[in-house]
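Going by the order they are written in, the chains are A, B, C and D; count residues from 1 in each one.
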Amino acid sequence: MTNTPSSASGPPSGPHRLVGRQGHARWEGNLDTHAFRIGSVPIGSGSPVVIAGPCAVESHEQTLAIAHAVRAAGADLLRGGAFKPRTSPYEFQGLGIEGLEILAAARAETGLPVVTEVLDVRQVDLVARYADCLQIGARSMQNYPLLREAGRSGMPVLLKRHWAATLAEWLCAAEYIAAEGNLDIILCERGIRTFTRGEYGRNTLDVNVVPAAREMSFLPVFVDPSHATGAATMVPWAAEAGCAAGADGLIIEVIADETQVCDTLCDGEQSIRPAALAQIIRRVRPEETRDTSQPGFGLAP
Amino acid sequence: MTNTPSSASGPPSGPHRLVGRQGHARWEGNLDTHAFRIGSVPIGSGSPVVIAGPCAVESHEQTLAIAHAVRAAGADLLRGGAFKPRTSPYEFQGLGIEGLEILAAARAETGLPVVTEVLDVRQVDLVARYADCLQIGARSMQNYPLLREAGRSGMPVLLKRHWAATLAEWLCAAEYIAAEGNLDIILCERGIRTFTRGEYGRNTLDVNVVPAAREMSFLPVFVDPSHATGAATMVPWAAEAGCAAGADGLIIEVIADETQVCDTLCDGEQSIRPAALAQIIRRVRPEETRDTSQPGFGLAP
Amino acid sequence: MTNTPSSASGPPSGPHRLVGRQGHARWEGNLDTHAFRIGSVPIGSGSPVVIAGPCAVESHEQTLAIAHAVRAAGADLLRGGAFKPRTSPYEFQGLGIEGLEILAAARAETGLPVVTEVLDVRQVDLVARYADCLQIGARSMQNYPLLREAGRSGMPVLLKRHWAATLAEWLCAAEYIAAEGNLDIILCERGIRTFTRGEYGRNTLDVNVVPAAREMSFLPVFVDPSHATGAATMVPWAAEAGCAAGADGLIIEVIADETQVCDTLCDGEQSIRPAALAQIIRRVRPEETRDTSQPGFGLAP
Amino acid sequence: MTNTPSSASGPPSGPHRLVGRQGHARWEGNLDTHAFRIGSVPIGSGSPVVIAGPCAVESHEQTLAIAHAVRAAGADLLRGGAFKPRTSPYEFQGLGIEGLEILAAARAETGLPVVTEVLDVRQVDLVARYADCLQIGARSMQNYPLLREAGRSGMPVLLKRHWAATLAEWLCAAEYIAAEGNLDIILCERGIRTFTRGEYGRNTLDVNVVPAAREMSFLPVFVDPSHATGAATMVPWAAEAGCAAGADGLIIEVIADETQVCDTLCDGEQSIRPAALAQIIRRVRPEETRDTSQPGFGLAP
């Protein structure tokens, strides 16, 4: 990597000077992560954080059932889409404000802070009134007006990587948020589009980008094994692989035990059941944590 | 292709039912193109249309000089960015309203209709007051609120393909515009991102998608050889290849003879000089046009 | 491109010093092509050369019928596989020596020189006794022992680019042949594998690589529109696009009029009929040839 | 995945009928792995197996030093190239027979069985006399004569995936070996080529293919984190990610402590030091093994 930080690198510079390690005495020459909170949940503080919930908020009953199930499985935050970016105008576009109300109700019942997507720059204030963390979807990663408004909201932001974005483009997208004075940003890898598309899974989980992003930036890095695979049977493997590659957390789509995949309005085939979620969470939270000061794990000498 | 139109295919259906050929008696079983006008310039009417101009509107003097030069070279419409989507927040973001005023002045002097990008959903009305055709950039191809507002504007829309969009996703993006009652859409291929990135050119011109898109949809298909290569010496070859593949037109970035590449604020290295533009235009407008009813050129039997 | 030749570049150097323009007074600073003959057919001498024939030699009758048809359509050389590299061991592997005998018979009847693939290093001598030009397939592009033996054969070699090879890797493969004293090499682009795989066509024709390869090397560059698309209806568009991008020739798979696609043993769906071939040949051989000393077409100033 | 095995699927069929689970009572409906031995080392028997050693055999002293170091670090087998497939004909091509002799000496001293590459079909017998396992490199994955000879050798074969091969193509390559009566095959993922090439690492480790391959085939699946990243600082993360995704083993390039990266003849920048190897081995061999009969890990219900 050409941007490897060195110990005497001068003041922060370059296109992602606010979110990069280079030139920041606190962050240069180590792999430490910027720590902050979403609600009361600490992010970037060591043990992997798990965000789980339905792909889309489809109803009060569905969302509450899943919220209780993911909490019981050990998840830390609740995800769920009220505004859904859909490839076709004829697909379910989300419940909108009603969906936000349902998420707020789920939070009230379970105590789980809420992560939900905003995709229209005119709705940032609205979504920010309900959410604990704004999600910027992959398709919106280079929607610069939206990034700026998300930055101005003062809310934590989970920034998905576009499926064809370079690491530099992803960090620059974060820089648009940071330039508004907001550094509480999660970088979330959700799979890249490669020639494997359609043969197995929908995308390719780019585990390499996890250590590469952590070396370049102090922002926490999450992995979305649901979109990175597109198939429920592959999600647990991808989830563990993401954490093994150094991810600070996961965001996973979950379907209730009593729901048929074919009855979901969005991405049911990549959603896992609560029992699988529970096993993933047990496995990615080992008692012994990795020591990045050990040989091999860490920065170039 | 699985979506090959047949002569007895029932009513239009599927995720891009308004812009697809399938089920439309006028369009099914032929390769005809929907014809409309941008200003007085006919689009989709046979001979390739050429949109040319600076990457970004940088000044009144620069824009007017290029506008006159591209008109003299034979271009039909003027391009130029007033609002620029830039990877980094520290790059030149365009002159904004001042840039729109300059474009209007260039139109007044040269008579060339203006194509310019809109990237913020809150600025569609503003840009529509100045432009003759709204450009949706590659990064915005799945900005659904923006697509809807562009559709509602009633203006012709040039819709760039994202560098990692499937043909189905691109047509669905057009469908969002069409669903607002607006069919005056140009599909514009501008190169896809592949493993070749950075070795030669910045992207790979996907010439295959030109006949594939024309077979699926009746919308005119343009090619942008500037972004599809990223290098001025490759632009003429890519421009001719695009037209040979069946494109209805080109959009090309031009730099004035008196400007140094290093003095441009945006993408100077992929901009060609007016004399190269003139030669491209002469070569892609042969007197003999292709007859798609001949063997080989056209639909599957 | 970092390797742009300059007028004072010193002696040939780098990993493709024999086949690159750099340092060769005859080739540096121009776009001229090394000219040689396959049988009596001149290669690299201006007007595009067309190699056509069946994907695989399936029988004497089939091959002779196609050979006569492609000659009547205006093709210059005959292609046809006697040894076929097949993804599965259970697919038709070619007729072997019998196939070579049939190709020789077709040459005797039509006068067309024969291009055929060699894929086993132990069979180079055998194939060289029958062929006028050895084809190295995409899968074998980095089979270095095979490249060396092909170089030693003294025969012209058509070197297909692997679907995931960089330009540098392709030129280095040619260098292995050249290092044996053999410069009569055709570089043949046959499509790269991208995320579009399977949606339309099988591969993406990389037209950008044609001017890029011509700028780096003096070897003639051909395009294979059959593999680069995988669909007969797209072949004519891709063939013209390849020539418009500067290709010195084409290699095209043809099926006889009387044969059903489903009756072919190999790649019938991407083979075109003789009448389509005839139209392609008429269109890619315009009376007026391109003048690369004109503005825009040619080298960087 | 369309090829998901079901419990009543009929006799083995399709292009990879010998190495696929489908139709084999022993392998269908589970994720068990075919177990065999390389020398005395069991493969596919549970805990990850680690193959380690230099990229290329450069000298007796260098190879012996690394062999002792990787054994001390806990590696099970020794790797090292005597015949090296190199992009350029001017790069170090390996020591050939002398390299094989050195590997044999290293085995005699350390007891580690030897895995080494064969790339010329005419040298299979030679390499088989020295090696305990034949490696087929990525470039040779579709060198069908070589696959057949490797199958006939009766030796265990480590079959690398080409950087642009589909899963089906990879399994079909294994089928060529299996069709000669040899099922002792390791499938080894070594990174695919994507648009990320050159920004960070050289390739993208495709962790998704590990569970996908294990679901389709009973052959053991290994991961090569050295080539899959191309950078020593990323190797430990990729190694752990590969095992977390279900890999049965790793193959890792190692450089001696006393060697400068710039002094290596091949791929030094992706080679790790013995202490890093030791830490990787400790971390990927946890006492508690994964139970794939648990919810989420395993086959579709």
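Keep this in mind: a contact is a pair of C-beta atoms (placed from the backbone, for glycine too) under 8 Å apart; a residue touches a chain by one contact, two chains touch by 3 or more.
Small disclaimer: the values here were computed from a predicted structure and weren't measured.
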| item | value |
| --- | --- |
| Shared chain contacts [chain A and chain D, defined touch] | B, C |
| Rotation angle superposing chain C onto its copy chain D by C-alpha atoms, nearest 5 degrees | 180 |
| Label of the chain whose CA centroid is most distant from the centroid of chain B | D |
| Rounded Å distance, chain B centre to chain C centre (Cα mean) | 32 |
| Between chain B and chain D, centroid-to-centroid distance (C-alpha), Å | 47 |
| Residues of chain D whose C-beta touches two or more other chains | 164, 168, 193-195 |
| Chain C contact footprint on chain D (complex, rising order) | 15-16, 85-91, 119-122, 139-140, 142-145, 162-164, 168-169, 172, 175-176, 179, 193 |
| Residues on chain D engaged by chain B in the complex (per definition of touch) | 193-195, 197-198 |
| In the complex, chain A residues that touch chain D | 1, 164, 166-168, 192, 194-196, 199-201, 203-212, 215, 228-229, 231-238, 240-246, 272-273, 275-280, 283, 286, 290, 294-300 |
